[in-house]
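Shared between the two complexes below is chain A, which pairs with chain B and chain C, respectively.
Our next item is the complex of A and B:
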């Protein structure tokens, strides 16, 4: 079989994207569409006492103004994680700053924007809790969500012997996703049926939640997401504005579009919680872990009580006989936290920093320490991994980086004024597949149509799926059309948890192989085919041609077989969920000018074991993206919250710093690239979120190596290194 | 955004008599208007006015108010004789913004204080008398000099800091004002400009200064200063005959420390005199809860800049 998956082909939608031809949700134009603009609460806790919409309603072009008094009532899906914990504009209660309190609908966007400034909302205000420091002592362990335990014990940490102990606290601030594309909804009703153009990472979930909340049948809802300008978890759940837009459009009897402003993205989409944690390690004098305690605290709200699986790194990374992990929450008067990829990064920062501290406490090279604690089998199940090449990742990345030349002593490497530090960390993320289905159809001209209602979230899904189908079918990429982003297509799951490739490719593989075999059956049963009389398994497909195994002169083509047949051949297949875990290692170099305390990351090398690589170019892009976000996490990103008002002080990209090109060094991405026999998706595992997970710790560890200063509170801004 | 009228001025006189808000690059004004921080009934586009020239005439480098930041930064005269000016401009914003923004408007850009830019928040600068949440709030980026109990927002212009070091003046439609006298520390009245008064040029005296700019910030580019320092020294051998030291990110206006200059003037540039200048510069600083580090960072910036500038070992 010719290998097409893995080739670094350009994105199929690349030209459309760079020329502006690609239409994103907010670009979608429908004749007669009305524009809605949200009015957001300016307090974090309290009640609306009055809301005067008179001036707004009489402003030019305004169709209507909706508040909690006249917004249609919606039904809240009673369980996480499909929506936020409450639907706003259903009553007068304010649960957080930036909560929608009104939607102004007008003929043009500008009219709606202006009129939104005329809505006069009065509140009775209570003093909010804004940050974890204000609610110390109120932490509790919530009920498990997402099938992950919030408290986990292995062995007995209290009686574990230890020659060396590390016990430290780590913290990181609230983060926001900041996708280029802000969230948008366009609702079009016709004959009681809704078409919702959405910025959604899971169009099937959006469809289900919309139907439930609006009280219509799921079959009466169609959700479409042609392209997504980044999601990073912010578009995983169905946000309140989506439900409100659809409900109001139904009342108005006209299409309605609502596009969130950048500022609204800071209060509407969830965020990575402020995070505090204690990590305590016990080890033998040669660095073999005997116990691991990790206690994390993240933020809940009065309406959202969700944790984001930070226990997994502690449970899975190393062979630790005694383990106690507890993840707590404490409620704030802030929007509930949400998926922010990878949610494992914050906990990973504490764990992988503590491992570096342990390395120095026992005097063992940080990489060697990890090898001494290598998990040969799944630490949870004690079962062998279906494949695991983390050791290869360590070796590949260390060699490329030149790690063996590292001198252990902090502050020992200088270049002129600058201190140079090298740090590393293990990287890892779950590799799940969610139940998904796909259709593969061979057309009478020998081309292939494949469909699945997954979504292109900017990672290259469209391209990778097209490649996968070409390989599965033994045809060329040009012969394949893959369609996604429409909930009327065969059901697929979220583009979340780095699960898309493993979920959807598995379904495509199952359907595609059935179609291929059925077409081969047509050929071998047809006296006009040179392959006539062969068994199905004696025929191979490549480049759109069918060959007799071992005799390539006996050949037919999809085009010829299908034109003789005269009808399409199609199969829809469904695949179940599967577990998995993807690992890697990242090594970074920092340079620090001691006069200013500013940290620059000057090199980064990552090596990964994602099973089979599906596209070397898009996989490398994910490494660049993940490491870049990790640099932001380590050095600059923070959502600043006023502690008195629980209001965000920097809800925009001029105040919330993310890395710019000049902050991003040369990044080298290496792949083991060996198929995982446990993966039903051509041997590929989930990958996208892996490359960020270890970066904050690796950078912090490098800063320690450069300066001897251990910074346990992120971000590492220059004031912390003066 | 509220509806507004728009007109193009065909002459300085027409602009001045228009009673509207002048716009050139609009890189700050449009954001302020969209965010509701400012609101104007009439926008007067002055881009058609002949105020873009950059030339030396006699003892003065004259920069038209409508010259774009990128044009000034790359101008050979500026790069040769006024490196601090070119460096400060290139350290500002992004290439796209530098291509749009005019230097006159740059001097008048508003503070980046998050409370000022959030119209739901009290702010004495935006709504006099409403209060200043930064005093006891999120003030990591705020002033350690020149603030009071009304406002501790910092002025964001790098250009202004470098021009102040060069003892530049602002030529307006009615007068010439030294930059020393141009900026105020009042939260509401930020400059001495009167209603309708239009900046037409920036004038920089040609001197024998060696100059340099150092900007420290939380990422590599496209970010305002946490602390910046501009130095212009008249060095004869090691001897500092004259010096001007100015600072950004630390005060409601581009800040100058004559005490630090006095500590250098007439002395040999040495580690000791540099240290004396650094400690003189921060005398009287009033740090707040989250910005105390700026007191240390300013001194380090002075030391780094002067050490490099004077090749002090």
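Our next item is the complex of A and C:
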């Protein structure tokens, strides 16, 4: 079979994206659409005592103003995928800063923006809890959420012998996703049916929660997300503004558009929780792990206690006989946290920094230490992995980086004034698959239509799925049309948890093979076909042609078979959830100016084992993106919360620093690229979240190597090195 | 590179908005019909003085290529060209731009033929989600025009006013290098 998946083809939506033709949610042109602007609470805990909308209502162009007093009542779905635990504007209670307290609807955006400043809200306020440091001692282990236990034990950590012990605390601040596209909802009702243009990483989730909360049938709700301008978890669960927009559009009887401001994104779409952790390692004097204790604390809110940042690396990464993992939360008067790109990174930073500390404690090279603790089998199940080439990743990345030239001694490499440090870490993340379905249809002209209600979040879903269908069917990329982003298409799961490729390709493979075989059956049963009389498994498909195996002169084509047949051939297939785990390794170089404490990442090399690579061009871009997020995590990103008011001090892109072009060096991305026989998706595993995971620790380890200073509290800002 | 004159013009805009009441938009003032020349075509639109160029393009002309990522000049997704200079269209008022040649991402290609920068962005995979891309491309066109595309480091520096959260920066640098050749 001709290999099409894996080729570095250009993005199929590239032309639309470079010409401005790609329409994102807020770009949707609906004649007569009204504009809604949110008014957000300015306190973090308390009650609304009065709300005066008189001036706003009489401002020019204002259609109406909605508050908790006149907003339609919505039914709360008390569990995933609506994780907030309450719906705002249903009562007077304020659970967090930036909670919607009113929506002003006007004819134009400017009218709604101006009138929103005229709503006068009065509160009675209680003293809020803003940061984990204020609630020390109140930590608890919540009930399992999303099917995962919060406590996990293997062996017995208390009786494990150890020659060397590492026991340290690590921390990282709140992070915000900051996709360039802010969240938007555009609701259009017609004849009791809703079309919602959404910024959603899971349009079927939006559909389900909208139907439930509004009290309509799911079949009466259609959710569309043609393009998504980044999500990173901020658009993964269903959010209050989506429900409020649809409810208000229904009572107004007119289409309504609500686009969140950048500032509103900091309180409306979740965040990566402030995170504290203790990691305690026990090891033999040659660095073999005997025990691992990891206790993490993340933020809950008063209405939500999901642990969004799992401690998976401790359980999966190394062969350690005695293990104790405990995931705690402590409640704050803050918006509920949420999934943020590569949620396992927060805990992974502690583990991979502790491993570097252990390497220095026993005097073993950090890479060698990881090889000595290599997990030959799945540490949880003790079963062999269906495929794991992490050892190859270490070797490939180390060689490309030149790691063998590293002198172990901290502070030993200088270039003029600058200190140079080299650090490394293992990269790893769960890569799940969720039940998803897809339709594959061969048309009468031999072209192929494939559909699945997945989302194009920017990872290259449209392109990769088109390639996958071409390969499965044995036809060309040009002959395939793949459609997504519409909840009326066969149901697929969300674009999150690195799940899309494995979920959707698996469904396409199942449906596509059935269609291919059915078309071949038509050929071999047809006396007019040169393939007449062959068994189905004696025919191969390639480039839109059908060949007799071993005799390429006997050939037919999809076009000819289908035009003789005269009807489309179609199948819809579904695949189940499957677990998965993907690994890699990253090596970085930092240069530090000792006068200013400024750290710059000057080189990064990552090598990965994602099973089969589906498109080398888009996969490389995922690596670049992930490593860059890791640079932000390590060196600059932090949401600053005022400790007295529990309000965010920097809800914007000038106070919340994300990496800019000048912060990012050339990044080398390497792939093992061997299919995983355990994957139902052409041998591919989930991958997108892996490349960020090890980077914060690798940078911290490089900073230690450069300076001898171990920074256990992120981000590593200049003041911490002076 | 902004000249002293353009800086002064921008300063004037700040003074105008500072006179209004606080908040995201000034109070309503009578709309006035203006003629904006966008992508070589004259659009007559009725706008109040408080309407930004970005909102005039997006909400009144259905030119949604320029994106609103922050509405305060931090992200660069709204970058367009005004008389060949790159500006952030969220930080300028539509009424101030009468008589200037505005170029948006929709006006860059000649018919079906893409601009070399657009082609280079596709070839180098210089975008993922595509939300910052119109701004990146408009900025890249100007960077080359300004003579700031001489080396990768120079490109990194002069393209740093356009944020990309998918973080395609090395590919953006490669695309600008390609197109500048």
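The rule we apply is simple: the second predicted complex is superposed on the first by the 719 of 722 C-alpha atoms of A that agree within 3 Å, B and C clash if a C-alpha of one lies under 4 Å from a C-alpha of the other, contacts with A are read in each partner's own complex, and residues count from 1 in each chain.
One rule holds in what follows: a residue touches a chain if its C-beta (ideal position, glycine included) is under 8 Å from a C-beta of that chain, and two chains touch if they have at least 3 such contacts.
Predicted model only: the values in this text are computed from it and were never measured.
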Partner chain in contact with A:262 - chain B first, chain C second, else both or neither: second
Partner chain in contact with A:518 - chain B first, chain C second, else both or neither: neither
Partner chain in contact with A:387 - chain B first, chain C second, else both or neither: neither
Touched partner set for A:228, first chain B, second chain C, both or neither: second
Which superposed partner A:114 touches (first chain B, second chain C, both, neither): both
Partner chain in contact with A:254 - chain B first, chain C second, else both or neither: neither
Chain A: partner with more touched residues, chain B or chain C: C
Touched partner set for A:719, first chain B, second chain C, both or neither: first
Partner chain(s) touched by A:662 [first = chain B, second = chain C, both, neither]: both
Touched partner set for A:90, first chain B, second chain C, both or neither: neither
Intersection of the chain A residues that touch chain B with those that touch chain C: 110, 113-114, 117, 652, 654, 659-663
Chain C residues touching chain A - in the complex, by the definition given at the top: 21-28, 48, 50-51, 55, 58-59, 62-72, 74-75, 77, 104-106, 108-109, 114, 118, 121-123, 125, 127-134, 137, 152, 155-157, 159-173
Touch list for chain A against partner chain B, complex: 42, 110, 113-114, 117, 593, 595-598, 600, 635-636, 640-645, 647, 649-652, 654-655, 657, 659-663, 717-719, 722
Parts of chain B lying in touch with chain A, wherever the complex brings them together: 1-3, 36, 112, 114-115, 117-118, 120-121, 133, 137-138, 140, 216, 218-223, 226, 293, 296-297, 300-301, 303-304
Interfacial residue positions of chain A with respect to chain C in the complex: 10-11, 13-24, 26-27, 29, 37, 59-61, 108-111, 113-114, 116-117, 177-182, 227-230, 232, 259, 261-262, 457-460, 617-618, 620-622, 624-625, 628-629, 652-654, 658-667
